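Let me begin by handing over the structure; questions about it come next.
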Amino acid sequence: MADPNPSDSRILRIWDSFKSRIPEIWSSISVPVVAVIISLLIGAIILLISGSNPLRAYGALLEGALGDAGGIRRTLEKATPLIFSGLAVAFAFKAGLFNIGAQGQLIFGALVASIVGFGISGIPAIIHVPLALIAGATAGALYGAIPGALRTFTGAHEVITTIMLNYIALNITDYLANGPLKDPTPGNIVARTPKIFDSAVIPDLPFIEWLPLGFVVACLMASITWWLLWRTTLGYEIRTVGQNPNAARYAGMRVAQTVILTMVISGLLAGLGGAVETQGIVYRFQPGFNVNLGFDGITIALLGKTSPFGVIPAALLVGAMRAGASQMQFRADVATEIIDVIQAIILFLVAADMIIRWIIRQRAAAGDGISLSSGWGSNS
Amino acid sequence: MKKLFFSTAVMVLAMIFIVACGGGEESAAEGDCSSEEVFCVGLVTDVGQIDDKSFNQSAWEGVQAAEAELGAQIDFVETKDATDYLANIDLFVEQNYDVIVTVGFALGEATAEAAAANPDIKFIGVDQFQVEPVGNLAGLIFNEDKAGYLAGALAAMLSDSGTIAAVLGTDLVPPVVAFKEGYEAGALSINPDINLISTYHPGGLDVAFTDPEWGASTAAQAMDQGADVIFGAGGITGNGALIEVAGSEGTFCIGVDTDQWETVPEAQPCLVSSAMKLITPGVLGLVTQAQEGSFPSGNFFGEVGLADFHEFDDQVSQDIKDTLSDIETGLGDGSISTGYSP
Amino acid sequence: MSEFALEVKNITKRFPGGVIANKDVNFALRKGEIHALLGENGAGKSTLMNVIYGLYAPEEGEIWVDGQKTEIDNPNDAIRKGIGMVHQHFMLVPVFTVAENIMLGAEELQGGRLDISSARKKIRELSRSYNLEVDPRAIVEDLPVGMQQRVEIVKALYRDAKILVLDEPTAVLTPQEADDLFIVMRELTERGVSIIFITHKLREVLAVADTITVMRRGEVVGTTSPEGKSESDLAAMMVGREVLLRVEKEEAHPAQTVLEVKDLTVHDERGLTAVKNISFDLKAGEILGIAGVQGNGQTELAEVLTGIRAPESGTIIIDGQKVPAGNPRYLFEHGMAHVPEDRHKHGLVLPYDLVENVALNTYYKPPFRKGLVRDEEAMLEATTDIIEAFDVRTSGPFSQASNLSGGNQQKVIVGRELSRPIQFLVVNQPTRGLDVGSIEFIHRRIIEERDKGVAVLLISAELDEILGLADRILVMFHGELVAEMPVAKANKEKLGLLMAGSEA
Amino acid sequence: MATASPTISQTEEKSFLRDNWILLSVLGVTLILILYFYNQNAIVTTAVLAAALRQSTPLVLGAMCGILCERSGIVNIGIEGTMLLSAFVGFITSFLLQDALGPGAIWVGVVIGVLSGGLMGLLLAWMSVTLRMDQIIGGTVINILAVGLTGYFYQQGLTAGDKLRAIPLGPLADIPLIGRVFFDNPPLTYLTLLLIVLVHLLIYYTRWGLRTRAVGEHPRAADTVGVNVYKIRYVNVILGSCLAGLAGAYLTLEAVGSFERLMTNGRGFIALAVMLFGKRTPFGAWGAALLFGFATALNTQLQFADINIPHQFVGLLPFVLTILVVAGLVGRTRDPKALGTAYSKE
């Protein structure tokens, strides 16, 4: 195979590499798309059974999500935190970790970003905005490090620890928002922190009002995550630990550190999502906001086939459904929970992709499946 | 399988079209809210449903009353996500609704912002205290502590055991705190030695009002300690407490917000009264004023008080009734203070 | 009554993906005989037995038991027909007691409750009458492998097996233990049990079998009696060509000491001592073979020497420097190469393509790394080189490791480890489960490395491999080194006794 | 392993003592503490313990669902969703039938609720055994689906006639402390106590239990002796999910008397922790569930007593405890070997 002309062989090899990935790329696109279509059909049946008009419902949903610049902006705003939490979950998946704790990491990120946002004043936006973002990301990263360290040093399975850490985060942030950090504005009776200063608010892009800057940041993070996973040696370590920790140990990779680092980065992404939400949408920390964003990350990550770039369309889809939900309820009198039903069916079909492959007669690309569960790990 | 899939898909599509064609007319009856003749009232819920047996539902009933009495054209939007408050208000703004009701303190900021941006539309913010009044925005607020005070006094007078309890939602929500403080002050005003046991739900906002099992179990825990009057104030969590008490003879329960004799019929065996904040008439009143052009701005205090005793009327002695009406007068003229300040 | 206990007629079994594991196989087991089924790894022996046992459904063919055509769709059918099987990997639940394992699937009940005491009684009776002592209350994972094998045999007898299939039963035994097993087998046949004995070891076939059927590439190539047959006759039948039973190599020229092990003690996963206080050294240009029955601490020793596991105590010295514990990268940096025992567990990341597998332990430095990122160009180049130099049969460097055959997977690992400058090489069971062609290739490469001056530590449970490759032999028993000798002074019998713990 | 003589297993009682001495000493100390506090304040102690038992009921049922599933090798994180859906279905059934059947409607509701739990179990088993989907994802699907379906089909203002009320067991209920705590409960609570014993017997003393444990540890070994791995897993997951269904029915038909959206509030997840805490044994799970119930009851009692710790901090207790447990600080659990992996014959 030694080729006399290196440039020729390079083209050949790139083509070779691409060619071998065509089925993979095709399957990663076709399965979710068909899953979405089938789910919408099943959703339509449910709507019909309960006496609603699916066309009207879906029409209103679509109009609310994409009908005008405001709708598009709302869709993108909803997609933004979902991209972050989806990335957080997907990233951890790559190291074989199931980070259900994105929720806790996200709300800590949101809280800490708001503390920096209202606690520091008199600095220009160019410093204040990134400072608060970094603070939020750091908080998420530190909170993500806990289950990572527990997994590494005690073998405690991250699914259980992160579920528990979510409750803990909720209790602590509730306490803080209603106690020491409560907004002291006269007349305020609500459990919430003060509003962040304008200098900490993520500014709008000039001219393109439908495009929130947070969304751009989210897409940027997706690219960085992809690059980290597939181009760097660190990413190679993370993936190897995920695919075969024994081989990683054999190869001299530090599995323990890699697990912790993965959870730190995962938590960082979630925390950054919380910070972007605080600085772009909510402008303060308030219990009751950010409620399900972390949990939705699981759906997003699975829907996006745990690929950083897959997460973006998945988040857009769910974001659009969320953005149009109220519109749908308002115009078509359909309970918004139908969206949860559709989302569950999509998730089921994507996870059980062999059903769809059977329908569209496509063979699985080997190693395509996602595998997480193998005990709770408190032994070994 | 493939065939089956496609034939199902075709069938579903066909059904959709049939329904779509048949049902296409239903929306035509709606009038144009921007016209002078059509008086439109919209309502935006807090996160949760319109049928939550709690404040969303009470406020909606007020709007429905406006439909019946004033001929208003009404509609509502359920909020699914707390970041959508403004967007949901805008759904009504775009259609030039005349009055927009927003429910819950959490919508306060969004409502104020929308009111500032749309001076032609009247806004009613339920449970929203106004610090800086805006002309077209009325905060419908309640002195829950006063209702709680009455309930506490009633409880203390009814109790034989000298122990009364309160099962509450979360202290993250100010009205709940007001009810509790009032309840305790009221009870102590009757019997300074009374044993008061009250507890908040330990969870966060997302669970505190929707955990009836905790409510029931906690009520039982209180009854086991001799509590014979239990105040359930915390949405569905509190309802769980009421229903639990209903199964225990010789124990009274007191409901909250509305007259729960109607909304929680399972609790009728124990429900002596409810500490009401009358959202429904409050909303109706403000909507009526808006239509008549006498819309107040700033804070508008809704009525609070105890609900009817219903079937317990003969169990509540005249002495008790007299004392309660004295207290009510005292609370009204300021001679009695609940001691609660937010 | 038929003279045959079991007949298999025209069995064909295909696997998804088109591999034909059995093609038109015919096979007949006479009552009361020991019938050896001989063949290389991958010849289709185990598939055939799984068909007979009802674990696989064949596409074509018939099974006759005691002269009657029968359908065997699942193990229950097989058990009902009196077929018992002792699998190569024991089918025992490690945390269960012996009695629980034996009664599983054939439970005695008393009023709906498990009647464990009557099961224990029956087991004691069986072990007494067949001379197969087992303790029904012992927990299986605490038992040595030989004992576990007995449990498996008792398990079959408990179900009144008349036909016993033993799949590679001697793989985990010393030659002496194997001889004991043969005595048990004889005793069983005298009591009317017919035995199918699956193996690839020629010596054992000649020692114990009444009839021999040889399989190659899924087909039966012949049935013969052992009389007048030599090992090389059988080897030729098995492989299809003349096979060199002995590896050709020059005299070794050991030079300076590369690796020194002092007082090494290692614990296994369960915290039990697996390697006890051993010391040895390894010189450049020699192959040091470590012989021993599987499970006597070799795995743990190899893992410690290659940094996967940290020792409990003791030191390892390379180039006169003490090696930090549990640090494979330090060792790689100091010229260690490692062909691990389990290529799926340690050697490869199966879902990765070959390119990513080739970079597995040197990904972190040039040429595979350029700053923060990986140099994929260089990785691809290295991979194509290995594919060529090590004759890896694959559709290309981007094919997934899991799609390669065992032999080609092992070649990728050996290629990866040998394509960088090294000074010592740890190979653990390098040819387990491979076909003869791959075995020969890998053996040749190991000797080439020795001749280049690399110090080689060869761990193998196959005595033929040890005797064929090693220049010096250490014997491990119960975690201790019990003997050391040059290869010239070693022979199978002697090593076998040492491996069994008896002083030679 | 190096020594020649194999370990001989102890008799059951002896090994129980050896493996569980921490548990047993904790039990002893707990008993002494209970008696001490009972001596100090009998009423409060009784009330707190009774509350602990009440709160433990859905948890131990959910945990036993986990035990049955995991003993056969299937991870079930869909317990939460199963509970929620069954709570809904049970309640709706009893609501729809209350005119036709009167008080009997509640019992029909319980049965249908349990069966609907079984149906969710069937779905999980189909996903994880037949489709060999990742089991954690399968459970997540169930959780999301349950939230969506119950939320969508929920209707306002539905009220069941009543809920299942306490039935004091004659003179037993008059025994101080124990009487109120154990013998003055509604029927499903008694049933749960009975089920704890039954599941214990099922796992350790029946053919089914032996096969279940074998399938969870080494499915192929079980297969080779003619045990149908798929059947064992299907039945265990369905049976277990029936228990989760009972937990759901308990919530709506015994504990509360009505259904509300999201009313399970994470109890299914706590049940998983309870299961791990109890080392996948029914009695262990019961002990753990009582501990969690006790933590909640204690939180309430501290507020009753006006002790001024922010209740959020006391509320942290069970969660922190769970983390400590899975982190192995309170004794390690050993997972069944085949847990979480799909079995395929070829």
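All chains are identified by letter, namely A, B, C and D, in their written order; residue positions are counted from 1 within each chain.
What we mean here is this: a residue touches a chain if its C-beta (ideal position, glycine included) is under 8 Å from a C-beta of that chain, and two chains touch if they have at least 3 such contacts.
These numbers were taken from a predicted model, which means no experiment stands behind them.
Q: With a step meaning a move to a chain it touches, how many steps does the shortest path from subunit B to subunit C take?
A: 2
Q: Among all chains, whose Cα centre is located farthest from the one for subunit A?
A: If we average the C-alpha coordinates per chain, C ends up farthest from subunit A.
Q: Taking each chain's centre as the mean position of its Cα atoms, how many Å separate subunit A from subunit C?
A: From the centre of subunit A to the centre of subunit C is 45 Å.
Q: Suppose each chain is reduced to the average of its Cα coordinates; what separation in Å results between subunit B and subunit D?
A: For subunit B versus subunit D, the centre distance works out to 35 Å.
Q: Using the touch definition from the top, which residues of subunit C touch two or more other chains?
A: Subunit C, residues with two or more chain partners: not present.
Q: So which stretches of subunit B touch two or more other chains?
A: 49, 171, 202-203, 206
Q: Pull out every residue in subunit D that's touching 2 or more other chains.
A: Expected reply: 266, 312, 315, 334.
Q: By the touch definition up top, name every chain pair that qualifies.
A: Between chains, contact exists in these pairs: A-B, A-C, A-D, B-D, C-D.
Q: Within the complex, which stretch of subunit C touches subunit A?
A: Subunit C reaches subunit A through residues 269, 306-308, 327-332, 338, 340, 345-353, 356, 359-361, 363-364, 369, 372-374, 377, 380, 384, 387-388, 396-400, 402-403.
Q: Under the touch definition given earlier, write down the residues of subunit A that touch subunit D in their complex.
A: 46, 50, 98, 150, 154-157, 159-161, 163-165, 167-168, 171-172, 174-175, 179, 298-299, 302, 335, 337-345, 347-348, 351-352, 354-355, 369-379
Q: Would you pull the subunit D residues touching subunit B in the complex into a rising list?
A: 43-44, 46-48, 50-51, 54-55, 58, 155-157, 159-163, 165-166, 180, 251, 255-258, 260-263, 265-266, 296-297, 299-301, 303-305, 311-312, 314-315
Q: Over in the complex, which subunit B residues touch subunit D? Could you list them?
A: 49-51, 53, 57, 165, 171, 197-200, 202-203, 206-207, 210-218, 220-222, 224-226, 236, 239-240, 243, 247, 264-266
Q: Over in the complex, which subunit D residues touch subunit A? Could you list them?
A: Within the complex, subunit D contacts subunit A at residues 75, 77, 127, 131, 133-138, 140-141, 144-145, 147-149, 151-154, 266, 269, 272-273, 276, 310, 312-313, 315-316, 319-320, 322-323, 326-329, 332-336, 339-341.
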